[in-house]
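You will see chain A twice below: alongside chain B first, and alongside chain C after that.
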Partner chain A sequence: MSLLEIDDLSVRFPTSRGEVRAVDRVSFRVERGEMLGLAGESGCGKTTTALAVPRLLPDAAVVEARRIALDGRDLVPLSEHEMEAVRWRDVAIVFQGAMNALNPVQSVRDQILEPIRLHEPEVSGAAARARVDELLEQVGISIRRGRDYPHEFSGGMRQRVMIAMALACRPKLLIADEPVTALDVMIQAQILALLRDLRDELGIAMILISHDLSVIAEACDRTVIMYAGRVAEAGGSGPMFEHPAHPYTRALIGAFPDLTSERVLIDGIPGAPPDLRAIILGCPYVPRCPLAIERCRVEQPALREVGAGHLSACHRAEDVA
Partner chain B sequence: MTTSAPPPLVAIDDLHVVYPPSRASRDLAGRGRPVRAVDGVSIEVRAGEVLALVGESGSGKTTLAMALMRLVPATSGRIVYRGEDITRLVGAGLRRLRRRFQIVFQDPYESLDPRQTVGDIVLEPLLIHGVGATGGERTILVTRALESVGLTPAEEFVGRFPHQLSGGQRQRVSIAAAMILEPDLVVADEPVSMLDVSVRAGILRLILDLRAARGFACLFITHDLSLAWVLADRIAVLYLGRVVEIGPAGSLFSSPRHPYTRALISVVPMPRPGAHRTQEILEGETPSPASTPTGCRFHPRCPLRRRLGNPEICERVDPALEPVGPEWAVACHFAMEEPDARPGA
Partner chain C sequence: MTVDWPGAVVTRPVPARVGRLRETLALVWQDRIGRIGLILLAFTAVVAIVGPIVFPFDPTLVGKSAADILKPPSAAHWLGTDELGRDVFRSTLEGAQLSLIIGLVATAISIVVGASVGIAAGYRLGLTDRLLMRITDFFLVLPTLPLIIVLAALFGQSTVILVLVIGLTSWPSTARIVRSQVLSLRERQFITRVRSLGASDVRIVRHHILGNVLPLIFANTVLIIAGSILAEATLAFLGLGDPVHVSWGTMLHFAFDSGATGRGAWWYILPPGIGIVLVVLGFILAGHTLDRILNPRLRER
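Showing the complex of A and B:
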């Protein structure tokens, strides 16, 4: 049994100009102790997919799922009250933009303490404070800095505080939404190394969301590539980045300099993702796809196995070089 | 450099930019440490070249570019543009200079006035500098500028507001406004870091194409060494207000000499197999420019110094930039150690 099993998740947002199908029948698994990457351009549905798990989407969202099971327990039928007990204790989130997510007038210690107080009231004050010390140490912040306020920390240190908060109630699954975007490369490497260490030490599973495929490639065991609210490709990061089986993945890889090759400028992906209000008949990537054939326009490609544990939603998966 | 080389477009000589102590850093008597954002930089920008300034937050790369553009005052040192000392230029002279130097900012969501149309944003530099004899002439210039950055047909874009454009289109508007006065030097401060990966290449190619067509020099500021590698003719790596290594992009990247450059290259993330090379993750963060370490400013974090058994010279003597090859200079006492230890190779 996988730690997280998402089956046929769809999320729609009704708007005055039609319904946006942000997530369209997405299914994937997250194994215990695994780092799973969720990648794609802005607006491809990766954050919406992940936020549906702890049910943190805005009220306007219409969420349908056959099953979202965490540790064998289906979350879909749970009441809002029951979900409150799942958040933080079972699933915690590191949000994008560490500065805006922290309270500027509360010390870092108190902010890490708060989820423990709220969600585990049975833990004594002394035990909670001891846990905060332990958390600070785990994320590489010296205990004496706990009394400081967010503005006294650098961007990288604030992100460490966010991670400590998310770990406060010892969740089974951590969702990190663009945890290193807007950080310098050296700090990015530090934070990714920290996440990997925490995974190894605590055996916690993580979903790492990023538009930056290079970050995912560095950190994640498996990767799910999303496009237009659907899964385009999924598989082990190593084999997938070596032999992508979807032209979109191929194009995303080409958007980064290849340091092992000649010094040539990166390639872009012409065009833009489709309007998700429109009904898309065939493959949503057709207008940007160099491999598109007539079949792609009329028949939506199903996700099929193209290698061991490697799935692609492309009619021409075998032709992607 | 040989004597036959053309004179540089801009020559910066021992430039210092020191900011007064921040209020938060002062003690009760009001004393504090000044922030040495740029701390003795000598560098040339050649006509028509792309020079990348690479460094982390606090390295002084943006302050250096701002001082060069005369947007922040130099505390000491000299900036010479086409043979003329512009360090203290004021009045009409400074206004003339402003026409020659332009900048493209990082965030096209913040750098464009949301209440101005695209046409007005691109027109404004012409009005400020009195370019174009008539309204009709200026309209032609605006149309040409928009078309040169790929916003075609221009008539479709002039009346739009920034919020009606995508991030990539906004950055193209910034570039059109920077190009319309035909500058000699364009500073591009992390111009693609806020953009989706799919549109980055288009913006970078546009900058290179415009450079090829018009011959301006480009100072490309980035924290990403891999982008500097594919884009620039030369790369200067900055650490705590100093250039620690400068050289041709290809050779600097393939065999970096400074341990900081090596570490920066080793952590460039790559979506490629074999990306899992030995990373050299430096501990801690760049110290504050208000408390620069003694000797070599990189010594407290330097992995090479540790491997060499902490030689005492590193904490005592500030290393000068010394040539290590053609057009290539490094500020490290042990630049010639481990010459082939290219991380990631």
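Showing the complex of A and C:
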């Protein structure tokens, strides 16, 4: 049994100018102790998919799912009150943008303490404070800095604080939404190393959301590539980046500079993702796809196995190479 | 794993809340205008607290003959005597105390009401917001002077009524400023994060909103104190203050009433007048500097 099983998750946003299908029948699994990468360009539904698990989407969102099971327990039928207990204790989130997600006039210690206070009121004050010290140590911040305020920390340190806060109630699953975006490359590597260390140490599973494939490739065991609210390709990071089975994945990889090869022009992906308000008949990638054939326009490609644990939603997966 | 990375910002450890207040005052002190304000305020505070202890004022100690009335300054009476032959210097010190107390208490009422209304309206939005803002508008246009004249006629002249009226007519500006700040705060990401933690509204307001609007409230408070002291002087001058207790406003009232102006008794009119000017100036100068430091829109970095 996987730790997290998402089956046919759809999220729609009704707007005055039509309904936006932000996430369209997405299914994937997260194994215990696994780091799963969720990649794709802006607006492809990465964050929406992940935030649907702890039910943290805005009220306007219409969420439908056959099943979202955490540790074998289906979360879909749970009441809002029951969900409160799941949130943070089982599923915690490292929010996007560490600066804005911290209260500027509260010490970081008190902010890390807050989830414990709210979700585990039975823990004594001394025990909770001891745990905060332990958490600070775990994320590599010296304990004496706990009294400091967010503006006294660098971007990387703030991100560490956010991670400590997410770990406060010892969750089984950590959702990290763009945890290293807006950090410089050195700090990115440190934060990713920290996340991996924590995974090894604590055995928690993580969903790492990023638009940056190099981040995903560096940190994640498995990767799910999303396009226009659908899963385009999923599989083990190594084999997938080596032999992509979806033209979109191939194009994304092609859009990154390669340090070891000759100087070549980087291939962009021409065009833009489709308007999610429109009903897409075939494959949403057709307008930008060099391999598109007539079948792609009329028949939506289903996710199918193209290798061991490697799934692709492309009619011509075998021709991508 | 307790390494400070080279990119980490190195700052002084333990900047407690007390440190923040001291830091703020230090910033005000650095500003020339702010420094003048702080000096004036410190001077007035010492005068109002220590003055009446060193030079106690006895209102029953009246002059024995007509010769003791409205006497110019002398060695016995440093600032002369009033129309009852009482010492003006001592009554000025006594008046400083009451004027400041009225100003501070009225401001406390004003700030508590204003901040509560502002936070409630900004945080709850919707019907609460519309209702509270219309009430605010009502109080904003309420004419203070006619109101207190009516209330004084109804309840008699009393310091309590004076304080209540000043306090209850000066809160709308605070409410509006606080509301606008809360409106932007509530959409900030850290509030969303805390809400996702399942924190109650009361907790969010107490732990997260309040701390962030406090500087704004503080800066506003200083300006409101100045307004309250001025309002007290105005109302007392018109004879709406409590005649039993001496404040700068009542002193001016009796000075005017007894014809001190006509008789050239400048020593009776100038002390309370200058006192009011200095205190109000002190609060306004310090307040404007404080506003410049704490108001995010005016802050120059």
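FYI, the second predicted complex is superposed on the first by the 321 of 321 C-alpha atoms of A that agree within 3 Å, B and C clash if a C-alpha of one lies under 4 Å from a C-alpha of the other, contacts with A are read in each partner's own complex, and residues count from 1 in each chain.
One rule holds in what follows: a contact is a pair of C-beta atoms (placed from the backbone, for glycine too) under 8 Å apart; a residue touches a chain by one contact, two chains touch by 3 or more.
Everything numeric here is computed off the predicted structure, so don't read it as measured data.
Touch criterion met: A:260 reaches chain B, while chain C stays clear of it. After overlaying the two complexes on the shared chain, residue contacts for A:101 are found with chain C alone; chain B is out of touch. By the touch criterion defined above, A:17 reaches neither chain B nor chain C.
Looking at the shared chain after the overlay, A:186 reaches both chain B and chain C. Applying the stated contact rule after C-alpha superposition, one finds that A:147 touches chain C and leaves chain B untouched.
In the superposed pair of complexes, A:211 makes contact with chain B only, with no contact to chain C.
Overlap of the chain B and chain C contact sets on chain A: residues 154-157, 184, 186-187, 190. Per the touch definition, chain C reaches chain A in the complex via residues 1-5, 7-9, 11, 13-16, 188-190, 193-194, 196-199, 203, 207-208, 211-212, 214. In the complex of the two chains, the chain A residues touching chain B come out as 41-42, 154-157, 182, 184-190, 192-193, 211-218, 238, 241-242, 251-253, 255-260, 263-270, 272.
Of all residues in chain B, only 56-57, 166, 193, 196-202, 204-205, 208, 223-227, 229-231, 249-250, 253, 263-265, 267-276, 279, 281-282, 285, 344 touch chain A in the complex they form. Across the interface of their complex, chain C is touched by residues 54, 56, 84, 87-88, 93, 95-97, 100-106, 114-115, 118-119, 137-145, 147-149, 152-157, 184, 186-187, 190 of chain A.
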